[in-house]
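The first chain written gets the first letter, and so on, giving A, B and C; residue counts start at 1 in each chain.
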Amino acid sequence: MSKPREILKIRDLYVNFYTYAGIVKAINGVDLDVYEGEVLGLVGETGCGKTVTSRAITRLIPPPGRIEKGEIFFRKNGEWINLLKLDDNELRKIRGNDIAYIFQDPSSALDPLYTTGYQIAETMVVHNRADWNEAWKKAVELLRETMIPAPEERVKNFPHELSGGMKQRVVISIALSNDPKILIADEPTTNVDVTIQAELIDLLKELQRRKGTTIMLITHNMGLIAEMADRVAVMYAGNIVEIADVWTIFEEPMHPYTKGLLACVPDPLKKIERLEPIPGTIPNLIYPPPGCRFHPRCPHAMDICKKKRPPRKEIAPGHFVECWLYASEEERKEAEKE
Amino acid sequence: MTKYLVEAINLKKYFPVRRFLLSKDFVKAVDGVTFKIRKGECLGVVGESGSGKTTLGRTILRLIEPTSGDVLFDGESILKFKGEKLREFRRRAQMVFQDPFSSLDPRMTIMDIILEGPRTHNMPIKDPEEFVVKLLETVGLKREHLYRYPHEFSGGQKQRIAIARALALNPEFVVLDEPTSALDVSVQASILNMLKDLQRKFGLTYMFISHDLAVVKYMSDRIATMYVGKFVEIADADKIFKEPLHPYTMILLDALPVPNPKITRARKRREIIGEPPSPIHLPPGCRFYPRCPYAMPICKAKEPELVEVERDREVACWLYQ
Amino acid sequence: MEISREISFSEMGYPLLIINVFLIALLFLSIIAALETSSPNLIANCATVFFIAPTIINGLVGYFLGRKGVKRISELSIVITVLFLLVGVFLLYDAVMLAYQGIIRKPKITHFEIALTIPIILIIITYIASEFCEKKIPEIYWRTSRVLGDRIRGVLSSAGLAIIGPTGAFFGVMKMDPLFALFTILYSLVELWRTAEEIKFILGKGRLLSVLRETAERTFKAVPVIHDVKIDFMNVSGRFVVAQISSTVSKFVEEEYVEALSSFMLTELINRLAPIVYLRVVIKLEKPKALTVAVALGDGEIVSKFPSKRVIIVTFDASTREIKEEKIIELKFDEYEKVPEAKAIENLARNRVLVLATKDISEIAKNVARNWFIRVIKTEKENLKDVLEEITQRFLS
């Protein structure tokens, strides 16, 4: 069996937002690899930076946001290119084509004045993948693939004539119309009923299995992660604090934040006496805490945590943690000297 | 004092929708709901969008006038309440809403927001400041928050304030409509814990409405599943998860993502077909018929009643009748 | 033995009668207003009432003639519609001429007391009729009351428009009568078009009826206990459907379930044939020509409890008791199946089983069998031969 190859590499990403209240240091040095064909879950609570990270990949950060530093390498046709260094035209060819997005609210992703068929076909035509005739036919096929009943009829519908679940399927069709290498799904099922969510999950899994698309799933829903993700990256206040495969994250979480997060998610199949909330609140990223940004809420905070940001350690193959608890003695001594 | 604090009897709420000229359609948001809640119990109501659970919450408190049916509070019909009696009911039964951002008046200080209820009800309070501080401390806030404005607080804190406001009147029954849906997981956990503690401490009776089954299970003693305006199953919280009887409950549980990859990936589920019917012109028979994997001829013809099939377990389904 | 259920007089016949009485009042008053006032507004209004009348009348005609099973209902409804349409067109032409005359020469409106009061009375009557429609016809026939109500409410618009011109004329602006008549005439054309569409609908009834027939037959044939479905009579009267359906049902169905069965058939049809004004369902209980039974089997030929691993399905000729067909079905289920017994019974129903013999059966399976109209007998007999013997004894003697 061949070793999975990386398709996306994020290195040392820093993103700031220049607001009237001050500079929000939203992304604080993020390193992340995405492997081809996997479902990578990016999980965290509000303000952790998961959405900003995903948008930074194709430079969808509007002012007052600015990508300060970092590199994002994407493997296109066997070659590595730095997305942050591409000029706008080149980047536009990749966005919606090689890398596609699905967002939370399907209603705002769809133009109410055009039929669904038109919108699906448009993505293909704009990227020169097909002419209008072929694109229209392909649109029907794509809708059929997303298991929408009577796709020939649905193609002629306007978005407001469809239910929430169907709209989300249309959005998925649009995203998949150009056979993207990477599909970034940002909270795709948050606004949707549980039964529709289940259908969409099954759909995405099926499509992924068939087409081998890499999916980056961004959510705060641990249940969704358990269902879909192969690997999980946990984010807190602009940092990735832990990366591991999904089984490990749930069974042997290492970072105190990951542990805290899992302890406060109600598992309906277990008898829980009490949920364990994480004490404290999410930090203000204009004046973020020094050192490890989690230290004010961490039950194991040490002196070094308040001074320096912990290094990333690979404590088991594929299992990365950024925490002073897992740094070696020498590393700690080195850090304390400075 | 009766054993059942709250009782709903064939409660209905229809909303008229104008077509054109005189013609009207009716959205049957709540279409005949009957249940009882014991003192000190938490009844969870679970349903998806369009199930009518929010309307039910408001109708139970008579924030919306029911179209027909009755609600008994401590044995008395609240529909007959007027003047003083009605005011007393409003004091004893409170509501916490879903959206903390819009349920607090942005132009009032926390002190005023919490005292608004007691002032309206002419509750005699010796030392208003101390009274409010005590309440704030009960919900995990501090004295220094007294004279601040809502916009200075986070979502979780606002929800705490909303809960303190509900508690200011010393209620017996609180309807909680998706109180933590807008909040992060860790904040949600602390608010839920607090609600549980308050329930124990003050002997409160809760009706907890949510679409999130996991949260409902954590909070409730009994759970009712609601589908397009009607209860389809009511049972003990543990039992309903281990052994759901109504096909809709089965589907809900199957669809629920569980934060445990071992379980959630091993299970296979049946394909869920269709969408809920329009609550305007429901076809005759069981309303779940088009999506039910076990549909039988009788399901199309007659609507099954909610009947007790075991002790403390009610289901509306022809599989059990 | 025969049982029949129909849409009753109090449910449909009576409301239709009353609504037609309202219609007569509307017609009468509109005609008087048209004749007495010579106002193009009132004449156009009268035309509108003539345009909407056939829908209402056809409803009534459909109910009473449908009850009698008269064959040529749709032809009659076309005649009625065309007659009223012609009168309406004639009136409308008259209104157009008068309006034209009134604009270029002199408006000729007279009897203001009639011109101003009758539209108001028309509005009141229409309001009452509309409320009657929505409230007195049971919810299950909402499509019918929707069709009736929508047409009657047309008079609201028409009368509302028709009063404006005369009011202006009353206050001295004589030209307002013929000028505003243009609007009233335009609205009348809308109703004319709707009525013309109805004629088109009646003429195209063939396709609709064949679809309905097929649907009705398919729905009922799926229930094993219903052997045969015959559409005695299905026709349209204007926009409405009338039907009489008879079915033969196996005599083995227990009495109480015949009630449930007729209820099922009636509601199914009402839901699918809407908008409907008359429906009759006749159930004839007969001995079936063949009896299909299922026996729950464990290993080999030993009778077991249900649900079992396998089931043998045997079809007997009812008179000769000869075995016509025999097959064995494995009952297998998906691993996520939570109520396998329900699926098992459904499987039997698809194989048109009328009787299930088993050693023991769960409560749920019993309920499901009953709801599929399948009879369940508990047997003490151990092997297949004995059970079949028992069944033949019980059901075929």
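Here, a contact is a pair of C-beta atoms (placed from the backbone, for glycine too) under 8 Å apart; a residue touches a chain by one contact, two chains touch by 3 or more.
Computed from a prediction, not measured in an experiment: that's the story for all the values here.
Each chain gets a centre from its C-alpha atoms; the one nearest the centre of all protein C-alpha atoms is B. With centres defined by CA atoms alone, the chain at the far end from chain B is C. Computed from the mean C-alpha positions, the centre of chain A lies at a distance of 33 Å from the centre of chain B.
The distance from the centre of chain B to the centre of chain C, with each centre set as the mean of the Cα atoms, comes to 39 Å.
Centre-to-centre, using mean CA coordinates, chain A is 53 Å away from chain C. Multi-chain contact residues of chain B (touching two or more other chains) are listed as 254, 269.
Put simply, chain C touches chain B in their complex at residues 127, 130-131, 134, 140, 142, 146, 149-150, 153, 156-157, 222-223, 260-261, 263-268, 270-271, 334-339, 342-343, 346, 363-364, 367-368, 371-373. Residues 48-49, 154, 156, 184-190, 192-193, 196, 211, 213-215, 217-218, 238, 241, 251-265, 269, 271-272, 275 of chain B touch chain A in their complex. Of all residues in chain B, only 21-24, 244, 247, 250, 254, 267-270, 281, 283-285, 293-294, 296-302, 318-321 touch chain C in the complex they form.
Interface residues of chain A facing chain B in the complex, by the touch rule stated above, are 45-46, 163-165, 193-195, 197-199, 201-202, 220-227, 246-247, 250, 260-262, 264-269, 271-272, 274-278, 281-282.
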